[in-house]
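Next come two complexes built around subunit A: one with subunit B, the other with subunit C.
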Partner chain A sequence: MLKRHRNFFHYALDCLKKYKTRTFVVLIAFTIAISMLSSILFLKDGLEREAELSVSLAPDITVSYLQGGRVLLLPSSYIDKASEIKGVVRALPRIWGYDGKGLNTYTVRGLDLSGVEVDYGFSNLVKKGRFLVPEDAGTGSIVIGELLAGVLKVDVGDTMILLSESIEANRFTVVGIFSSETTIYTADLIVMPIDDARKFFKIPEGYVTDMIIYTDPEVPVDNVAAELSTMPNARVLTKDILLRGYKAAYGGRGGFLVTFWVILLSAVALVCFSQATIVGRESMFEVGLLKTFGFTTLDIIEIRLIESLILGVFSASLGMVIGIVYDIWFKAGIFAQSLLGWAFLPAEFHMPVYVSFPSVFSLYAVTVLPLLFATTVPAWLNAITDPELAMRRAAA
Partner chain B sequence: MTTMRKINLLPLVALILTIMVFALCFINELSWAALEQSEARKTVREVIGLPSIALGTNYGATRNPLLEVYSTALYDVPGGYCYIYTTSFIGWPMSDPNFFEKVPGFNFTAMKG
Partner chain C sequence: MIETMNLTKIYNPGTPREVVAARDVNIRIDDGTITILRGPSGSGKTTVLSMIGLILTPSSGRILIDGENVTRYSDYWKALYRRMNVGFIFQHINLLPGYTAMENVLIPLLCLDEDVLNYKNKALELFKRLKITERVGNLVQQLSGGEQQRVALVRALVRDPKIILADEPTVFVDEETARIVFEMFGELRDQGKTVVVSTHDPRLIKIADRVYTMEKGTVVREQEA
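The block that comes next holds the complex of A and B.
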């Protein structure tokens, strides 16, 4: 019994060799389609996973101030009001914004150093120099990202002059450069004491950009958010909403590209169907002959299934390996730009790539199943024809 | 002694490539697990409180702390709403059922005439 199936396997291999054009067309078409599709899918999954990871450690609630549907500065009095709400463990002010330098925009973050606990172990945050300490307030000390240090060619101890929106030159001294391990978050970041950021952005006393809230794990976040929502003009964003935002931002774009490539994959499957039909006519005589020798319809379908399975698994695996290599070593080039919109991707930046088991299985499914269908149906149509008739038709 | 035919290499290479894909998948899962445990990344996220990844973008909606997505939805000119990001997750706090259902006595009232 086993020998019979082994013979079918060898016969299927001979068919792959005999119908070289079909084998070549199917392999090339499916490999290209799968490599593109897998590249986008792994990249999209990577961005979503990174978003989930980052949001998991973000503040529980962020509160900004809306007036007329537009975001304005938040009065500092809101911080005291929020602190009194049941379930709020800490309410911290934030001052942050953007600063243009050359063609790019960098993120400036003011840090309330009195609210930062010292047991975080800041030594692993920076690769050079040191992290900010409370004594740095008002001294113009900053810690910058690795990308920024590279672009501006600055090092620890160097002085940087940043031009604010009020067209004032502000002098800062680099005291530390963030470690490579945190590049994904800190590449373009400038961190300074909160008072320095207030001065830099010219934010009046009594106002902050927004506030972050850490809640008591025993009190549901939504309950605290509901209480915070009763404050006039407050826009309350929970971690969950932020995560949904991320998924909409990256998942939406990824979904568009995946749909595009799935359509292409369907077109490729149709090409395979067409190839199988053409070859089916060529192999009609052969099928007739096999049936005369006692092969059943099922035997012939089994042979075609083995052919399709080998081709499908080969092209899907090769396509995925190419997709992974393209994402990791070539930084996904075109697709990264499409997924991230107008994002500026520096050479130092490595895109997060997530090769998950469900995605891999899905890719095998979308490759192998259409291929099995596209090649088996013509084979079945040939196989159910009367052998004599089939050979006569083929000879005609 | 029989020599292996070239065509026999096709299923063999297919098998090797499949093993390679699953090996890469496994290695990738391990590297993500290690990232989740990275102390430096945890510290930077907790201390600096920036939930978004650094893309150095010129488009506010894709750079941290992601709140820009929500701000962009409201946009900068009258009537200039960003239609990419509005709808599903953008809304006034009071319009979110999660919130208003928990606020006692919250209701909208209208009077005719």
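The block that comes next holds the complex of A and C.
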């Protein structure tokens, strides 16, 4: 039996060579469509993975202060109250915000370093230098993202001046640089002691931006969150809620683009179908003749299936490679802004690309299945016709 | 033995383009004989030949092979029957363009569970006998009509089928090749093969065991040698 299938495989290859125009048109059309679709999917997967990594570093719960639906500064007294809730291991104040213009846009995060045994998960992310220690309080020490360090051209040990919103010059010393593993999370990040951040943003004493909560692993986070929600004006976000938010943002934007490209892919499938029809007369004759020689309908369909599989798998693979190259070397050009939406992207920014099995599987499926349909259905219709009639019609 | 009983084929039935290509055709083809279907163009010879070869389903009537009515057998069964037993030579030659002469001979063998290259020597022998050896590597569209007809002959015979159905096999070939074709058909009969030929060629009629003359889709005369 194997020799017969091998014979069909060789014949299918010959057919691809023989119908050069159809093969070329289908190959180009699918490769272009798949390269764009794979660019979006791999980028979306990368962003979602980044979000997961970022959230894994986040505290169990974040509490901010809401008034009239707007986020305001949180009174420091909330921290003491939160510490008393069952299941709360540690409640820490945090001051953060955005600053800068153009290429110097960055996120400043001020952390409470007293009792830094809770290191906020940052120490593992430091690529060069070190993370902050309690002794850094008031010294102007900072740890910055690798991307920002590149943009500002600073290294460990360098001093830099940042202008605050009130246009005051603040001098800082870089003691560490984060790795680029979690690009989006740390790319534009500056971490400093909380008092330095308070001074930088001019946040009054007795207030912080929000507080972060670390919980007892034996107490369900949702129970602790529910308890914290009873505090007046408290907006409570757990890790899960944050992750869902990120995924909804990237997934939604990605979904829009994917829909667009899937529609385009359908158009490509129609092109393939019309190509199959263009060569239909010749193909009809060929099918009739093969059946005369004793090929069964299943044999004919098998040959066309092999043809479609070779063409589909090849164009999908090529398209995916181009998609990855486009994402990595060309930074996803037109798709990056659409997917990130809010982000300012300096030239040095490397888009997070992740090739996941479900995406690869989907890409092969959306290529091969329409192609199988577009080529095997006409072949099947010819194959179930009397061979003599098929040849006669083809000759007519 | 192949027999047909009231075999009828109507194209486009019930439409203004209805054509009765064959009506109530009754013929008998014994094993190891040469049977000729003769008659003017449009008399239904090709249609009957196609129905006997099971590549065209009759509108009515029966085809018996060794006494078994195979008319309504499945498409799959008919394909396997053709694969194992029948070699076709078509009036319009029907070679696959874009392939060489040798490839055209080997393509029908792809559906066998064998290495097709095993048949290459046999094909070369036949090519040699038909004096076309030097053209085996040429694309068929580069061959003359006579050469294409010879390639079609090789294609039909390379598998050594039990039944050879030939539709005007000498119409495009020269005198010498026609003589070789007659010889080959005679040899095939001597080997116990069954040859059914649709032809106008009186020389072939001379070597036939039985001749059916057709007119307007019906058999009007039957002659035995």
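Note that in this section the second predicted complex is superposed on the first by the 324 of 396 C-alpha atoms of A that agree within 3 Å, B and C clash if a C-alpha of one lies under 4 Å from a C-alpha of the other, contacts with A are read in each partner's own complex, and residues count from 1 in each chain.
Here, contacts are C-beta pairs under 8 Å (C-beta built on N, C-alpha and C of every residue); 3 or more make two chains touch, one makes a residue touch a chain.
Bear in mind that the values here come from a model prediction, so they are computed numbers and not experimental data.
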Partner contacting more residues of subunit A (subunit B vs subunit C): B
First, second, both or neither for A:200, with subunit B first and subunit C second: neither
Once the shared chain is lined up, is A:11 touching subunit B (first), subunit C (second), both, or neither of them? second
Should A:326 be classified as contacting the first partner (subunit B), the second (subunit C), both, or neither? neither
Quick one: is A:3 in contact with subunit B, with subunit C, with both, or with neither? Answer first, second, both or neither. second
First (subunit B), second (subunit C), both or neither: which does A:293 touch? second
Could you say whether A:124 touches subunit B, subunit C, both of them, or neither, answering first, second, both or neither? first
Between subunit B (first) and subunit C (second), which, if any, makes contact with A:388: first, second, both or neither? second
Touching both subunit C and subunit B, counted on subunit A across the two superposed complexes: 14
Spell out the part of subunit A that touches subunit B in their complex, as residue ranges. 13-14, 16-17, 47, 49-51, 53-55, 57-59, 62, 64, 66, 69-71, 92, 94, 96, 98, 103-107, 109, 111, 116, 120-122, 124-125, 145, 147, 178-179, 181-189, 191, 210, 212, 222-223, 225-226, 228-230, 234-237, 241-242, 244-246, 248-249, 252, 310, 313-314, 317-318, 320-321, 324, 340-346, 349, 352-357, 360
How about subunit C: which of its residues touch subunit A in the complex? 50, 53, 55-57, 75-76, 79-84, 86, 88, 92, 94, 96-99, 103, 107-116
Which of the residues in subunit A come into contact with subunit C in the complex? 1-4, 7-8, 10-11, 14, 18, 282, 285-286, 289-299, 384, 386-389, 391, 395
Seen from subunit B, its contact residues with subunit A in the complex are 5, 7-8, 10-11, 13-15, 17-18, 20-22, 24-25, 28-29, 32, 35-36, 38-67, 69-71, 74, 84-85, 88-89, 92-94, 96, 98-103
